[in-house]
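Order as written gives the chain letters A, B, C and D; numbering starts at 1 within each chain.
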Amino acid sequence: MHRDRYYTLAASCPDRSGIIARVTGFIAEHKGWILESSFHSDEGDEANGGRPARYFMRMEVKADSLPFMLDEFRARFEPIARELEMDWKISDSAVKKRVVILVSKQEHCLYDLLARWQSKELDIEIPCVISNHDTFKGFVEWHGIPFHHVPVTADNKPQAWAEVRRLFDESRGDTMVLARYMQILSPDLCAAHPGRILNIHHSFLPSFVGARPYHQAHERGVKLIGATCHYVTAELDQGPIVEQDVIRIDHSDSPDDMVRYGKDIEKTVLARGLRYHLEDRVLVHGNKTVVFR
Amino acid sequence: MHRDRYYTLAASCPDRSGIIARVTGFIAEHKGWILESSFHSDEGDEANGGRPARYFMRMEVKADSLPFMLDEFRARFEPIARELEMDWKISDSAVKKRVVILVSKQEHCLYDLLARWQSKELDIEIPCVISNHDTFKGFVEWHGIPFHHVPVTADNKPQAWAEVRRLFDESRGDTMVLARYMQILSPDLCAAHPGRILNIHHSFLPSFVGARPYHQAHERGVKLIGATCHYVTAELDQGPIVEQDVIRIDHSDSPDDMVRYGKDIEKTVLARGLRYHLEDRVLVHGNKTVVFR
Amino acid sequence: MHRDRYYTLAASCPDRSGIIARVTGFIAEHKGWILESSFHSDEGDEANGGRPARYFMRMEVKADSLPFMLDEFRARFEPIARELEMDWKISDSAVKKRVVILVSKQEHCLYDLLARWQSKELDIEIPCVISNHDTFKGFVEWHGIPFHHVPVTADNKPQAWAEVRRLFDESRGDTMVLARYMQILSPDLCAAHPGRILNIHHSFLPSFVGARPYHQAHERGVKLIGATCHYVTAELDQGPIVEQDVIRIDHSDSPDDMVRYGKDIEKTVLARGLRYHLEDRVLVHGNKTVVFR
Amino acid sequence: MHRDRYYTLAASCPDRSGIIARVTGFIAEHKGWILESSFHSDEGDEANGGRPARYFMRMEVKADSLPFMLDEFRARFEPIARELEMDWKISDSAVKKRVVILVSKQEHCLYDLLARWQSKELDIEIPCVISNHDTFKGFVEWHGIPFHHVPVTADNKPQAWAEVRRLFDESRGDTMVLARYMQILSPDLCAAHPGRILNIHHSFLPSFVGARPYHQAHERGVKLIGATCHYVTAELDQGPIVEQDVIRIDHSDSPDDMVRYGKDIEKTVLARGLRYHLEDRVLVHGNKTVVFR
């Protein structure tokens, strides 16, 4: 919630001493004003064949504190990034991210996202909404957003996913949000956009993977139910988790009650996860995430 | 979430032995099938000049399990209620409650309530939305709901409240919901509809009564912020509390961030409180509530 | 938290109309004063080969409001219970429950339970503490509670479980609490005490069954970790769940941090689950529980 | 939870550009390895007569990565700190903090703290426990910790506070913890140890200041109750808040039930607040805190 334009640098690199000094030294040298900064060292688990140790950082720098624009920042920072073997990106708060929303017949996440967009709480472009049903065509178009009805049947999946991909690419989408989209995307569509497709799963993963998780939860007799926002990968409900939350239920709640309670956490968890993602607060490391809230 | 029609009996009376037996005996005598039942004995605090001891109950009875309709239920139950000095009401799940929504310029509670209404999660009639601004005229009307713009200025308050009252009465409203309506209703409007006007206050009452509660919370440095759904009485933010919730914040959150976080609990707390109210789960006792969830 | 002596009736039976009236009618007939009462109808899932529909109830009746003692209550109530095909029990608040605690080398649940016992928040007898280590011998004995060291090795398990069983039976234990007891009891020991052995598992079941759940949680990158209090059955971590809770973590928390956070919810969840159990608030139905809080 | 020895630098200074670069540059120059680092810029509210803008930081540096010990670190860092007008301290993980606990007759916080100390989860020295009652003398001494009984009556307060102060100073205490100590310390005792006395208040401040907060909460009919860990200042329950949490209650909970529920959050909130304090994660700014969790 900064009024002034700023750049967000998000980066990770192999851990070593002096990383912060190197990066903030570069910024200080040009009189850059750092508004917010976060660092994290993940020790990894290489000894046991797991993730290698890695260093993560995120910084917001006031745009007009620097004597150059983003292109020159990129050019000047490049040698440092190379030296540190960095995986990095920098974004400009003045450039709105483009978010394509996929939805089926449930309204709660869609209404919630459009309310946040309407009030500029989510300061994004929504180039289009795609759905396998035409339920929300009127509602979406009333908001001045193009709506694409792409039916998905047992027979037409390859064509449907090709069409979704075409629409996403044509609208120059940065992020695809599955806002309770009840279809499983094809593995190659997922693989083509790593770390760019967010899903909301209606359980506290890793419990209750797959279909009808509230019914699974009811059958097991759990006392809390949850929702999980995660990046979509080729493997169903197994991608890096971005955000989760739970709500208390009890023996008197039927699966239908749980569906109703669940909606409240699904939409909140999706909105939080999406915000973290859009603000470049989420850095992926193997199958896990660093989330600089 | 019952598929079948049912009657909801909500009642309170001075505490004594045999109340449940008397009431459920009447129902059993007519072969009534009780779907759900809740009881509570409030010991009160009469010794210290507080509330008297009182007994509360709520029962859902399957409509077609009884050999008569609601009118005859009322007539036959009346003598028992009189004997027990009961304050009671019975409602029919087949008759939709009529909820009038008042809103200003913030969208989150309005979008949230209309999404729940749209999906029939809230199975109510919304005869109209009233606002002191015309911001949401198009949005509300798109949903097929009449919208009334009743401007409120320093000078016209008596006329404005008279108009709100007229619109509420004409639309035969059961419940008035202040969905972040930024105006303070007149004391006599409040007094005329006890237990029928619900407000969402953007703080964890009794902390931070009145204006700009998130700024008050930021100034005090609290680590959680909250929202409170309560019945409106003539005294500002002092009515019986129906539902509350909180969310964690930290030192890095500005008042603007808190406003944003707060919206998520405001809309959820209001929706929960409204549902409890509409399902006759809320019984008022002095300045407190019994909520049979 | 009643000052006066009371009886607690906990029962379940096949669902039909008139159950509450029948039971409360019996109590009212003898002028019994019901302090608290809870009812629940579980529709079951018999159509799909699941649990049959069943009715659950719990009532606290003031002891001195009745003209007879517990034995006569039992005798007089028996015909009603038979007629309703009830599974029932009644207990007397004046008779303390006897709880045997099993512990290994972690202190948090043990200190927590003894603090609650010390202050009479848990108004129970602890006839003894059993451990496979002698770590807490001095601490337990300082409290005036007998301590039994029953080592468990790969070789002596049958003898060890026989000894645990003998100690539990000899001390006339009502309930056995596995307060982070790191051993898996033998299936026949579990089967011999259904609904009487409570365990605290350090994950939010059904996630992360078995060993080192915090390491599993760390590896999966979840954003909340949990604890589960459940009845022990022959199948590991699969028994009916009594209580659960979670706590938020983030990417900066190592498995060691998670172990530390986890302790706080483990002891609280165990204490809550134990309290519900001791107050006969937990009724088991198949592999699920009804918990009348 | 680092196995290796480390130094913790906690500092704040007026905000300007280049602070991180200056400090981390110094550490990098000497090949220091930063294990964890956190930064925060508080914009303050000077325009409205509030707090001035200020920058906060906390860093953990691996001790053996530096070519010198703490004294030399201090000497070499001093000029930088002076230049930045810093308020700073650095501590050594190898030197245990000394925590004096004050307690009355309630056991829950005391048992909880000693359990954490016993297991080295809290890796501190407890030079003594002071109480206005002798209830826990045996329990404390069994743990090998000196116990001082300092009775407090209406007449002896000046002497009692003088004695508490003497005991604290003689035991070279770093921190004084009021673990449900039911007495109000004298203003000058508070003023003499700013930021060093932690209290646990049994309400969600600023609600329900002063005596019997659970009774106040019951009377108001709130749906959640809380606890607050804060630094003690001369003004009752008004000091900077370090940590808070809440728990859900309902209409069926008496003040006694609330006391019981409250204990569980009191001890957890106190333990978390104390840990943040001991790890130098809490930096005070005016009447607020920055807590680098």
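Here is the rule we use: a residue touches a chain if its C-beta (ideal position, glycine included) is under 8 Å from a C-beta of that chain, and two chains touch if they have at least 3 such contacts.
Remember, it's a predicted structure, so these values are computed and weren't measured experimentally.
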{"item": "Where chain B and chain D overlap in contact partners, by chain label", "value": "A, C"}
{"item": "Pair sharing more residue contacts (C-beta pairs) when A-C is set against A-D", "value": "A-C"}
{"item": "Option in B-C, A-C or A-B whose residue-number contact pairs overlap B-D by over half", "value": "A-C"}
{"item": "Most widely separated chain from chain B, with each centre as the mean of CA atoms", "value": "D"}
{"item": "Cα-centroid distance, chain A relative to chain D, in whole angstrom", "value": "36"}
{"item": "Averaged-CA centre spacing for the pair chain C and chain A, given as whole angstrom", "value": "41"}
{"item": "Residues of chain A whose C-beta touches two or more other chains", "value": "36, 252, 254"}
{"item": "Touching residues (chain side chain B, partner chain C) in the complex", "value": "17-18, 20-22, 24-25, 27-29, 31-39, 41, 65, 248"}
{"item": "Residue ranges of chain A touching chain B (in the complex, touch as defined)", "value": "1, 36, 106-108, 111-112, 114-116, 118-119, 121, 138-139, 142, 252, 254, 256-257, 260, 263-264, 268, 271"}
{"item": "Residue ranges of chain C in contact with chain A within the complex", "value": "40, 42-43, 45, 50, 204-208, 219-224, 226, 240-241, 243-246, 250-252, 254, 287-291, 293"}
